[in-house]
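By letter and in written order, the chains are A, B, C and D; residue numbering begins at 1 in each of them.
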Amino acid sequence: MSAFTMPSLGADMDEGVLREWLVGPGDPVRRGDVVAIVETDKAAIEVECFESGTVGRLLVPPGTRVPVGTPLAEIEHGREPAGPARKDTLKPGTRARPAGPEPGKESAGRAANAVDSPARPAPEPSGEAACAGAGPLVRHLAQLRGVDLTALSGTGPGGRITRADVEHAPSPRAPRVRATPYARRLARDLGIDLTAVRGTGDGGAVRGVDVRTAAQGADVRAGAQADAAARPAEFRRESEQRTPPAAPAEEHPGRRTDTMRRAIAELMSRSKREIPHYYLATTIDLTAGQTWLRRINRGRPPADRLVPAALLMKAAALAAREVPALNGYWRDEGFVPGTEINVGVAVSLRQGGLLSPVIHRADTLAPETLMAHLKDLVERARRGRLRGSETTGATLTVTNLGEQGVESVFGVIHPPQVALVGFGAVVERPWARNGMLGVCPVVTVTLAADHRATDGAVGARYLTAVDRLLQRPEEL
Amino acid sequence: MSSTRTAHTPRPGSRVRRDAAHRLALLESMLRVRRFEERCVELYSAARIRGFMHLYIGEEAVAVGVNEALTGDDAVVSTYREHGHALARGVPAEAIMAEMFGKVTGCSRGRGGSMHLFDAGRRFYGGNAIVGGGLPLAAGLALADHMTGRNRVTCCFFGDGAFAEGEFHETANLAALWRLPLLLVCENNLYAMGTALERHQAQTDLALRAAGYGMVSWAVDGMDVLAVEDAARRAAEGVRAGAGPHFLEMRTYRFRAHSMYDADRYRDKAEIEHWKERDPVEGFARRLLEAKELTGKARDALEDRLAAGIDRAVEAAEQAPEEPVETLLEYVTSPVEANRS
Amino acid sequence: MKPLTDAEAASVVKESIAQIVPDADFTGVGPDDRFRDVLELDSLDFLSLVESLSERTGIRIDEEDYPELTTLADATRFLVGRSREATGTSPA
Amino acid sequence: MTATRTRTPAPAAAAEGRTTYRDAMREAMREAMRADERVFLMGEDVGRYGGCFGVSLGLLEEFGPERIRDAPLSESAFVGAGIGAALVGMRPIVEIMTVNFSLLALDQILNNAATLLHMSGGQLEVPIVIRMTTGAGRQLAAQHSHSLEGWYAHIPGLRVLAPATVADARYMLAPALADPDPVLIFEHGSLYNVSAELPAGPGFPGIERAVVRRPGTDVSVITYGGSLPKALAAADDLAEAGISAEVVDLRSLRPLDDATLGDSVARTHRAVVVDEGWRTGSLAAEISARLTEGHFYDLDAPVERVCSAEVPIPYARALEAAALPQADTIVAAARRAVGDPAPARADTADQRPTAGRPS
């Protein structure tokens, strides 16, 4: 048996509110299933479970705020998903906690009733103190493992954070997938997200054959996705099912906005405090892009059409391939290049606030695929249905404030990234070409970059690349 | 199948030159070993030499006397207490000292150290640091000569401790059985490291026991270089004559610790002092002085000459380059097969 | 298939917008306001709107038609006009 | 490439045109002694008795007692004597009855044969060949049945060979004698009666390389010596279940041919190492570690090992059989590796990689 714990969904997350259980005791779960909705300072996020088995007791009732790493539910393991949880709770081995409610009494609202321990109040924010209470070795280890020390409560003398605390802290990085080394290599080569691959090996391990199957199905799935988009009514029904009327987002809308505001404030302050930004801008003739889009979209049903944002995003990602110095992280007083080009898409939420879901390996995606990802992510971000893995790992962020009509946006870099690309509105402007003045659609693309990592010349090279790429949209 | 030959008992004293020059040469040879090792003690204490180092001091008459019976064609297989054997054999002091310094000019290129001195050109097949380990090897050298009909002697030194090893008994039997041209020289210094002979052998007359294998076996006063030379010559002559292996028990004594320093808890100081009265080097020098074959002045000149030679060896060893670490994996397999893992 | 009435078309437009912006407050959107700006619809939202309108009415909407969908009044008019064209001829 | 059916026939007397492993080894020695006067054979009962396993039968008559030298039961002495003789130019072949007895000569093999070249700073080469029988399967119990070749493969300065085929028995000796360094040849006792047609000399792959005895695509079964026939039999069974096993014969246990092993695993992504030695600290462990070091990102399953049970090899037939790697345990390991642990079932067949299935 293992515990499903409050995940860390970002480097700056130290606690979260369990908003909703999507499973109950006795439900079989597979690794990767979405089992709960967790509200962070930024968003309500669907969190997946990383074990296969049967849900045992739910340890935390909805609405409870708990620190990262707190066990939320038990996952019982067995080859076959076991019967109802009540059977399991009778096992002596699971009686570690004070007795819960009579198993037989559970009926409606069993999720809430099944919770053994009373909701724990959120601990006093002790981040700074905890941080101060960690030795250099522990700090180093935390950095290596990407563990946020402020999210830990120390178990050492005087609340000191020990090495073990860091080692036992859940890593905010992408969840560990049980996969063979060969499957990992293959997934990387084929551009397959391992977390999405169903493993058929021992203990659900993903093997080479699974990755190949997934790769073969990728095209099929992309098609299916388009299908789903073409049937919004059906999709809506599903989402209504999944989102009960008392959805967390609506439950405390004010507070959620407040907490997200706080998180954004913290992140942006840190950025402006730590990162010496420099800014560059250039205006690009988008005639070729527009023409190409019009041609592509003609005759396609709306669901299959591309918006200019998809094209711009692709150009931004490809340019990052040409200028890798802008794609990655500033860490430990040095630039760490990203191994992939994962583009964070700044998505503004209607109720206020900002989310940055990530399109992984955006440079490798065809515009159509990228468009499908974009639609899906933006839609789910706004419904508070992003998965944890979809909000992490960005190596470069693109903002598209132009959607709101502004012509240029000088953005604030999301640390630890080193650059942010902004696209303004596509507008018609007088434009001289070949000595002739005409009216062209143009877009202003801006770059905010970290001067510690690069100098202006690198940034200029990047914008030039974006321009050049957009002149040949058919090659994107 | 080797033919059965009648045992040959050589006449004592045959062909041994007894002139003064020869005796002075023996003294010089023994003194060189003694002074060389005394310098080793100094260098070891100064940490210039490391590892195990077993000194021969007190036993010099054996190496020097036996060597008189051997020609350049003969082979020597030795033990880890082999500075004396190597020097007597003619291995240059420079090469030995450099080896102990772990230098590239060492006689084993720094791979062996004090316990593993080799000089293939002089047919000196090494210091073997496994007690008794050199005996089968020596039998093999002798077997090769036997099979190819070369009239050469292989001389194998070993201690009384090796007499307890199966390898001695296996080799003695094999060599006697096959009539191998092997000269077995047991340096009985009365201690297998710290265990006295009577505490590790039921029958302490080693020559008597060796004779049980059908070998010609004698016990010899190992503190008297002339007696050693005489016995060795007679034995070697027998070996060359095809009489099979010969066994010499050299009764000797080491004056210093088993390896550099020990507390001598296993033997009395009085016993050591008693044996020192029979110091093979000083005793022999005294005899030559008394016989007027050596003068005080000549002795001083000899000492100066030896000291200068040792100085040169130390100086050369100091100056010699270290073997580069890049060569670490060399000499594990033959260079022609250098591409092996 | 019958052509849409003005009321039906207006209702379809509002429902489609509400689907995309669940808490859209139409009291703040006049019939001639550019609803894209008022309700802050980005290009993806707008595409979803087009999708929804097309789905609900069966009317084909091309990119060239997008400028017709700027205000609630425009959109209503567009849908009514297209539905009339469509009836009598083969549906799009 | 299609896998040929290479199940090794049951031990039988040499048929017409066929040679047994024993005869091949004898022929190799005869050829070597005819070609080079420096070569001689020494060991217990190699002469009049004709060799404990009959390998040297008849050689005494041809070469005489000087070159076919019966030694007393003194492993240390005659192995050491072989080393000494090799030091001065001879080319001795020393036969030790079994690997268990070789422990009595371990001092000579490790402390002298493997070490002299190095200790002497390159002055002394030791061109000796030491042959010995290894392995179990003949109900000889715990002091005649062990497979300790892995211990020797641990020792730098030695070359360790394990001829598993009649051709290797015939052709490995000459290059071993030509090698300036000590070479140990391990002859699995169960192989002496195996017979096969000898290929012509050319095409012999030397003593450096491992050889793919049967190509396959789904899993590499890596083995040597007496386990090779079992591995080939297992490959037959696996083929019937639709699993294509590649069988790799190490041939040289030291040095290991990492390239051939790696190439195979890079193709099949799965490895089963079959080693009659005990599992703990085994040669199989070494191979598994090397594959993991060098081919981690090729591996699609943990490396499986099929070794002897950790028990002194027992006498009773059933117990002995249970202690040793067998075709069925190899099959089971291969199935685990390809993720198809159950005996072939129609409903799981689709989950297997399709590449290696016969069409």
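Just so we're on the same page, contacts are C-beta pairs under 8 Å (C-beta built on N, C-alpha and C of every residue); 3 or more make two chains touch, one makes a residue touch a chain.
Since we're looking at a predicted model, the values are computed, not measured.
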Per-chain Cα centre nearest the global Cα centre, belonging to chain: D
Averaged-CA centre spacing for the pair chain D and chain C, given as whole angstrom: 80
Whole-Å gap between the CA centroids of chain A and chain C: 32
Chain B and chain C: spacing of chain centres that average the CA atoms, whole Å: 110
Between chain D and chain B, distance of the C-alpha-averaged centres to the nearest whole Å: 42
Touching two or more other chains - residue numbers and ranges from chain B: none
Where chain D touches two or more other chains, by residue: none
Chain-level touch network, classified as line, ring, star, complete or other: line
Set of all touching chain pairs, with the criterion as stated earlier: A-C, A-D, B-D
Residues on chain C engaged by chain A in the complex (per definition of touch): 19, 21, 23, 37, 40, 42-44, 47-48, 50-52, 54-55, 61-63
Touching residues (chain side chain B, partner chain D) in the complex: 1-2, 75, 77, 106-112, 116, 118-120, 125-126, 128, 130, 133, 135-145, 147-148, 154, 166-167, 170-171, 173-174, 177, 330-337, 340-341
Touch list for chain A against partner chain C, complex: 229-230, 232-233, 236, 293-294, 297-298, 301-303, 305, 307-309, 348, 350-351, 374-375, 378-379, 400, 403-405
Residues of chain A that touch chain D when the two form their complex: 180-185, 200-202, 207-209
Complex contacts: residues of chain D adjacent to chain B: 40, 65-67, 71-72, 74, 76-90, 92, 107-108, 111-112, 116-125, 156-157, 159, 179-181, 255-256, 258
